[in-house]
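Consider the two complexes below, in which chain A is the common component and chain B and chain C are the respective partners.
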Partner chain A sequence: MLILSMAIIFELSDLRWNEGLKLMFYYSYGSPAFLFETFLRSVPLLLISIGLIFPFIAGVWNIGAEGQFYIGAIMATATALLLGELPFPIPLIVATLSSCLGGALYALIPAFLRVKYDINELLTSLMLNFVAYYFLSYLLFGPLKNPMTQFPETSPIPLSSRAPALIPNTRFNILTILAFVIVPITYISLTRTKFAVLIRYMGANLEAALCMGININKLIYTTMALSGALAGFAGAHEVLGVLYALRMGISMNYGYVGIGLAYFGNLNPLGVFLVSLLAAGIINGTLMLSFFYNIPVGVYQVLLGAIPLFVIVSRRITCRVLNKSNLGI
Partner chain B sequence: MMIISVSGDDLHIGVENIRKIYENGVIALDNVTAEFKSGCINCLLGENGAGKSTLAKLIAGVIRPTAGKIRLNGKEIRFRDSQHALRLGIGIVYQYPTLFEELTVLENIIVFNNALGKVKGFHIRNTLEIESREFEKFVKETGFNIDINKKVFSLPANEKQLIEILRLFYANLNVIILDEATSMLTPLETEKVFKMLFKLRDEGRNIIYITHKLLEVRQVCDRVIVLSRGRVVYVAEEKPETAEEMNKIIQHMFETHNIRKYLLENKFTQNNHYLRTAEKNNAEILKIKELYVLGDYGELKVKGLNLVINKNEIVGLAGIMGHGQRELIEAIVGIRKAVSGEIFFSGHNIVSWPIDARLKQGLVYIPAERLKRAIAGELSILEDISAYWLNISPFDFIKKFFGLSLVDYSKLRSQITDILKRFNVVYQGIEAPVKHLSGGNIQKHILAKILGRGNIKLIIAEEPTAGLDFKTTNEIRSLLKDLKENGTSILLISSDLQELLEISDRLLVMFDGKIVKEYANVSSIDVVELSKYMMGLR
Partner chain C sequence: MSGVEIVSQFLKDLIAFSTLIGLATLGELLNEKVGVLNLSIDGALWIGALMTFITAYFTGSITIAILVAIGSSLSIYLLFGYMTLVKNVDQVYTGVAINLICYGVCFYIYRSIFEWGIRDASPHINVSLSDIEIPYLSQIPIIGYMLFRQTILTYLFLFLIIPLIYFIIKKTIIGIIIKAIGEDPEKAETLGINVNRYRFIILMNAGILTGISSTMFVLYFSNVYLTEMVAGRGFIAIALIILGKWELIPTILACLFYSSLEALQYRVITLISGLFPYQFILMLPYLATIIALGAVGRKVKPPASLGKTRTRTK
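After this line comes the complex of A and B, so read on.
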């Protein structure tokens, strides 16, 4: 289905459909270099959507991953620029940690408002995205502007805090590996810990959780902080491992796409891993295609938007074929 | 107002060879053939899961039969939906309120009348006024005091239920189905509703009354139809007058179980349960001093209440719903904040403690709204219980694994299976969702969950047997008594006076946010006097 719609879109944009599909696949997964780029692209999506699994299971609506991502990136950049003089691994580690901390603290603002004043975290976290975005824009046009070029981007990250590439000629780095290691860790923590049992209970029936003595406020704080920390980490990965500088266009709506991916991965880390690879492939493939052939860049957004539709429809069909109705859609 | 002709034999409802199989494969009704006669209060009896509610819903057009026919006036009908049935003059009231919480009582009535086809067009303002006058007049005539301009969610549960019953009476329907619809009402309200039912019956309407309360059967029923496991097992054309006839009905209700045991200690024919003397033991487990608690809308609900519960006793709390009982319980348990006052629980002032800290000290809560407050229905039995247990005693079920503390599911699984067996819970599998259990088993599951881990000093039991069948009710009551013998104190809040008198050692009456009367000796209670205290007449 997805492939079919891609074909139609390519046909509409003056490209033979078979040719387009082939190229699309080639540019996303076809050669080692492109494959690594896709892996790299999937990291922010993966981290953000894995982080969002926790609050979403608990029924806490963190829509603010975009903002937490920006704050993480800002923290990473600021720390890296500040500590640039120190020997190699220290600034990298400190910058990564501070980005997690920044993201987590930023996510705790809506959590605090929810717990203390019962303000809907969906609204506050969404609004804080814009605060973070314009804060970044202020920094890039003001204090953090690159003094050499006068472009709205920061000076390059000093070498001492860049994440070293593990495979020559790619940007596949140590933070990327760390991101992938988080997948099994999340999987275990979601299947075998007390925390997971409690957030599931809270998500299934909030009032019962309250009456049965589960400390809901603590869970709101923890889940929000976790997702914020992971979103912040995603920001650090982009700055320290891929771009080596902070710019305005650092996030391609990762925070919002991540919300969708968390659900299409069925709130399961393994599912999210696969889905974010798919999404990254689509983004990279269409970006390359639009670069080489005269295809509008917006195509990737159309395709990404189409994923949810196809996932739901195909799941429905599988269900009907298997004659089960236990998915509740 | 639409007038439906009411005449003699025209309102018979007959069901023929009805089968109903739910989507999950449960056979709720299996070849049921029965007659519901007009001018009669037809009583439908049966234990939980016998198929009473299913049959009621079929007749009210809410669900459709898998096979079989429903006849109205001897003519076969197929309901399109419940609105269709309503327009044919068949209405139903359920055990739980189905009103729109965000609308006022009046708006609910208008919506209902619209479903009836009474209100035409968009003249809302106009119809509002007409309806308000008419319904208000009707309510006044019946002698109830309900403010119809209030939003429904601000009303106590008994008033909600009353409104549903009254709107059905008001709608002048021919067939009225009450599916345990008096479960939340106070004795006096029930009495009034019965009187209205008798009047409707004498007008020749067809009334189908579903209940668990055997006492009510004697009071209201003209005919009795007993269902058991989806089949009609007994029909009594006459009102059951003697104890033998009642016993016969009970026997049929539970014929699939070993009911002899319950008949031997049958509380129904003996009255010796009033002869209970309170054993005094002065160790205070709970002491409340000058407690003030606000209600949902900022109004003062508990007004300077004092209360003491000793060790080893069951304290009953009687009172009409909405007089601060709920707020009191929630303040004790820790769901609601107290404005001022002190709550001492085994020596600690717990008034500012979070709920989980109170729970770990041994203060547990069995809520009345089971589905909403005590279980997460979507989760499996295993998950539901493990969440509770892991929350209160985390280290019992945690295994160290490469330095990580992971949940020991095999231990949890075996202990949960054990406890479910001990509490006689009938379940399909431990991985099946809790909501698939039947009503009585859900309550037993909740008790197993809450009482299954030791260290319980005080149980706040809110309506522990409401809506449960005779057998389960007895099981739960004797369980509570056993717990008391073993050193646990219980605060029992129940709208069932019978239950309060049967198992409590001491009875408190709550009215308007205060304890207005304490009966130290339950055996000497005069029920009429008690009712007067509950109504605030004394």
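After this line comes the complex of A and C, so read on.
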């Protein structure tokens, strides 16, 4: 169905559909260079949606990954610019940690409001996205603006805080590897630990979990902080490993797309890993296509938005075919 | 400008903004009263604003633009209703997914028409809703300026839609049925109420209100279309309902509170942009809503079935 809708969009955009699909596949996975770019693109999506798995299993709605991503990116840039030139690994480590911390703290605001005042975390986390966005815009037009250019972006961060590229001629760096290492770690922590059992209880039946004496508030804080930290780390990866500066368009709706991907990956880290590779391929493929063939850039957003609905529908169909009861969602 | 003029201009903006946010909020309030948490309101506003712009750009007719906006907003709500009421998919999840599609579709359509189709560098529309002055009443010093020099949509909102919704909710059997469905759909169903049909009808009405509200963005407050124009006002509408404790009159008051911030921002931004970073003023509505939510906090109780997926008993 995804392929079908892509074909329709290519047809709408004055491109033969089979040509379009072939080109898109080529630009996303076809050659080593493009493949590495796709891996790189998948990292923020992967980190954000893996982070979101925790609150979503627990039934906590964190829609604020976008804002947490911005805050992480801001923290990474600010730390890197403040520290300046220091012996190599120190600024990189400090900047990464500070961005994780920033994202986590930003995610704790809605968690705190939920615990203390019983306000729906969905709305507050969502509105904090806009606050973070305007804050970024303020920084980029104000204190952090690069004095050398006219664009809303910061000065490039010092060399010593850039993540070293592991493979020459690509931007595939040490933070990227770290992001991929997080996948098995999350998998283990979601299958083998007490924490995972607790959040599953909480998500399945909140009242029963309360009766069992599970500390719900602590779980809300933990899950939100985890997802915030990972979203912040995604911001750090973009700044320290890919762009080496902070710009306005640093997030391409990663935070919102991540929500869809977390569900599309069935709230399973391995599933999310594959799905974010697919999504990154779509984004890169359509970006390249729109660059070369004059297709409007919004294509990938349509596709990524449509993914969750396709998943639901196709899952219903499989349910009906197998004559089974509801498979979740 | 004298002091009185500034105050009356501010109040006029306030009422105009409250039309925009109020229409969307009342529609969403009806939805939530029957237990449907419709997050796709934001997407519907995006699509509605874009469709208004495109129609007004090509036809130059306000009426057709408003009708198209209502139609497009209805189609979004129809999709939402199909997924949540017929297919029983989680409401929050569906809402977020539909929003994502809407953002993408808006971006795509706008780019493909104006940058790629007809290559207009700065497309803008020449028609806009004009203020209608009501004779005699508009001569009253401040009140007249505030209430009786507004657009047709504002009159519709103030003098038709608010009283109508108030009447339906408070005075008719439909209001009681709505409340029953929101509190306990299963019991309502045993009483012979067709829950899904009510939910669907109310969803469609909310779609019409949202569609009308979305036209205000391009037909009144601006004559260009910007992708970030709506900026999460759909979600603010949902927050205002919490502020208003799911009651009609407090919700309208919450809308007025929010529109006063917006009106302030609308005028003030040009006055003090040199002194104060304008981004902080843009943040103001969001921060104020969060703080106000904190102030209301624990005292509110939503309709019991809000946001819950329910499989229909047969």
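General observations
Note that the second predicted complex is superposed on the first by the 318 of 329 C-alpha atoms of A that agree within 3 Å, B and C clash if a C-alpha of one lies under 4 Å from a C-alpha of the other, contacts with A are read in each partner's own complex, and residues count from 1 in each chain.
Please note the rule applied: contacts are C-beta pairs under 8 Å (C-beta built on N, C-alpha and C of every residue); 3 or more make two chains touch, one makes a residue touch a chain.
Remember, it's a predicted structure, so these values are computed and weren't measured experimentally.
Touch criterion met: A:215 reaches chain B, while chain C stays clear of it.
Contacts of A:118 after superposition: chain C is touched, whereas chain B is not reached. Residue by residue along chain A, chain B and chain C are tallied for touches, and C comes out ahead. By the touch criterion stated above, A:204 is placed in contact with chain B alone, chain C being left untouched. Contact with chain C, but none with chain B, is seen for A:129 once the two complexes are overlaid on the shared chain. Touch criterion not met for A:31: it reaches neither chain B nor chain C. Residues 83, 87, 89-90, 92-94, 96-112, 115-116, 231-232, 235-236, 238-239, 242, 277, 279-280, 282-283, 286-287, 289-290, 293-294, 297-298 of chain C are the ones touching chain A in the complex. Residues of chain B that touch chain A in their complex: 23, 333-335, 354-356, 358-359, 365, 367, 372-379, 383-384, 386-388, 390-392, 394, 398, 404-407, 409.
Per the touch definition, chain A reaches chain C in the complex via residues 12-13, 61, 63, 113, 117-120, 122-124, 126-131, 134-135, 137-138, 141-142, 253, 256-257, 259-260, 263, 294-306, 308-309, 312-313, 316, 329. Across the complex, chain A meets chain B through its residues 188, 192-194, 197-198, 200-201, 204-205, 207-215, 325.
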